[in-house]
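I have a structure here, written as structure tokens, and I will follow up with some questions on it.
Chains here go by letter, A, B, C, D, E and F, matching the order in which they are written, and residues are numbered from 1 within each.
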């Protein structure tokens, strides 16, 4: 069998313990795992791409076959460039499922060679979403249960 | 990286083109793929285990790293015996998703080392279910769009 | 435009006010509406087919273009025989939706010429299901809010 | 305000840690909480009603305002007899939600005075279902993460 | 048992008959019910906080143990300040359910002492949402079936 | 039976092959089918109303009883003006279903005489959404599998 590179794409604004749980589960299954942070010029993020990559880099240090990358444009173009064999996504809710389903089928039409695989995070992290984390932090709530220390520092700095 | 064996478990009563689509997508991603038909003493199946395995064997002939097995009892016990690294499941509907989610989390509690990965079948097969196929065949409907030739022959024989 | 016959199929065990609401909404839209009660030899019903048809007949008296029929076997075979142009189904819940979606796509594969159309019952009846009605009646509960008088009489007779 | 009695009904075949979590959350909110195990003559249970009540009684010992009861027939009739002000139900999945929604609205039609309140169990228990527990136990799997010690003993005895 | 204060939080832009239905159901179950309108500096509302509170105050006049408050920031902080024992939320749709589920679990992590309880509005109001009401009003549609008179007056004034 | 005019409303920004599939299925069922593109002053569209109508007009040329119209304001007002008997909507996902359900019930309250009918697109088009198409086109992806030639030309022109 040829070696398989997997891509785990996302906005990661910021990376949460739920994302790290998926990385921990996916990394032993593939030869290489790229955590790919999307640079989206039309969507405003709280953290800029450098901050988001820094958090990812610090959080994946113990997973030897993982590295962080940013990408702009179509995920399928990035996957071709990285010679990836599959895309990894986390599934938590029914709404996740439906959106991911549409996305996976459209990506498949554009690039039939790449498969999307879904993993379920630990139930301990199933309710965490970056959107809710940002909202809690905005109002001065404590988010240490949801995101790693560097993410807390960078997120809290935005609301000071 | 160590070699990964994946298990694709199911009742396969009978194997449909949707199942074959999942096998085709999963087989290139792992070193070995075991299509595992459950022998469930308390659930009545239309086809017996030999018939179900025969259909699987004929259908996976072209996938070199795939083979068919039957198993009785807990899937997690079978996974340990096969030294499997992950379980493969197809996801089509929200109801699938919820049942699979509960199952994956319970399996994880029993056997934390094994991960469940979900794939989406082609939209061409997303609506096919073994249950509906059996119902159509029972009333003399034509099921050739949904299941392979040997399955048609064996299923139709049951209703003659 | 050619005249369109629509079929509204179901088990109707028993017909509820929710079903009647769908009939009332669908009948003005088509030239003819056939309320088709399924005779299913492998599924036990509380009411036999004569009782179920009797309730339907009494309930559709005011809708001039409606009539009741029973059918056995595949709905698509019945639709061909009736020269029907479409099938009518009520949608109340997400679970309804998913099952109906699969069914509609499988029926379309078997008989591409017939379309399935979905209607939503009044919110007043959205929670009524024949299954729950039978359960309430079994324990002596009053079901007059859910099913018409003749259905109450016939259902209650079964549990005396 | 008058004192409020709440009923937490279920089959509890067997009571799981998920059910106990709901009891722990609901008991401080009401004056009295009745855990009500349904005796359903048409549905076969693994444990008989005495066994199911014994497990509940042992598990609620520390909640002073809780007691276990069995009931037969309509929940709404039982609620009237107990002079209850509300019904408590746990919600874990979308399928739960839809079934419970229908049930709550039908119960409300039968007995407008009683309200159904929904609680969410801890995410730690969100995936546990009595059905899956019985299935795992049947195949000799270890269920100690899902149900209390007495339930383990009684459930395992059934499969020896 | 100690006395229980419940909080019913929302944007209430504007309060609908669906919200009032929840208030009517929840108020007899608790000693005190606070209808808490969120002041959210980053989300634009059609009605300002004074208008939204005025509508709530007029609508809860007959419920003696209810009063209206506004709050800014985290709901959990407000709950602590009010010494509340539980949060009340209405559930109408599966999408509601999933969002509320995530929210309830995150709030529980921040403040374990407070429980979220869900109620279902009458089916008569299950389809009403403030968003759709604003949209209908914007185009000059009549919203008197959905919101109370003062809300109609204030909402319609915005679009004149 | 009187002749029935159906309206198929949407933003159609742009019209996709999924929309055309619904038109093809709905047009034989009614005497007249109006494809009605919404002009929404508060929602920014990629294509202006003239462009959207031009794409629709080119795509419906072979359906003799179809024509394209734009409308502003409430759909129910437009339906009255067109003397329409029903509204047609496509259903693909559970999220679609819930939104459409709310909308259909609110429209029914405003205008009880008009029924909303739901159709399911071919599974080949079930995953296509105008939103995802715009996103793919923005990043230079090829959208020819999803939208007709004129739509490709007009959409691509916006991102050059």
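As a convention for this text, a contact is a pair of C-beta atoms (placed from the backbone, for glycine too) under 8 Å apart; a residue touches a chain by one contact, two chains touch by 3 or more.
Note that the structure is a prediction, hence the values are computed from the model and not measured.
S.K.: Would you kindly say which chain has the C-alpha centre located farthest from the C-alpha centre of chain F?
M.R.: Relative to chain F, the chain whose C-alpha centre sits farthest away is D.
S.K.: Would you mind pulling out the distance in Å between where the CA atoms of chain C average out and where those of chain E do?
M.R.: Roughly 38 Å, centre to centre.
S.K.: Between chain D and chain F, what is the gap in Å from one C-alpha centre to the other?
M.R.: A distance of 47 Å separates the two centres.
S.K.: Could you please state the distance in Å, as a whole number, between where the Cα atoms of chain B are centred and where those of chain D are centred?
M.R.: The mean C-alpha positions of chain B and chain D differ by 34 Å.
S.K.: In whole angstrom, how far does the Cα centroid of chain D sit from the Cα centroid of chain E?
M.R.: 29
S.K.: In chain A, what residues contact two or more other chains?
M.R.: Counting only residues that touch two or more other chains, chain A contributes 94-95, 98, 101, 105, 123, 126-127.
S.K.: Which chains touch, pair by pair?
M.R.: A-B, A-D, A-E, A-F, B-C, B-D, B-F, C-D, C-E, C-F, D-E, E-F
S.K.: Which residues, counting only chain C, touch chain D once they are in their complex?
M.R.: Residues 93-95, 126-129, 132, 136, 138-142, 145-146 of chain C touch chain D in their complex.
S.K.: Which chain B residues qualify as touching chain D in the complex?
M.R.: It is residues 42, 73-74, 76-77, 94-95, 98, 101-103, 105-106, 109-110 of chain B that touch chain D.
S.K.: Could you pull out which chain C residues touch chain E in their complex?
M.R.: Chain C reaches chain E through residues 94, 123-124, 126-127.
S.K.: If you look only at chain D, which of its residues touch chain E in the complex?
M.R.: 1, 3-4, 25-26, 28-31, 65, 85-86, 91, 94, 97-98, 101, 104-105, 108, 115-120, 122-123
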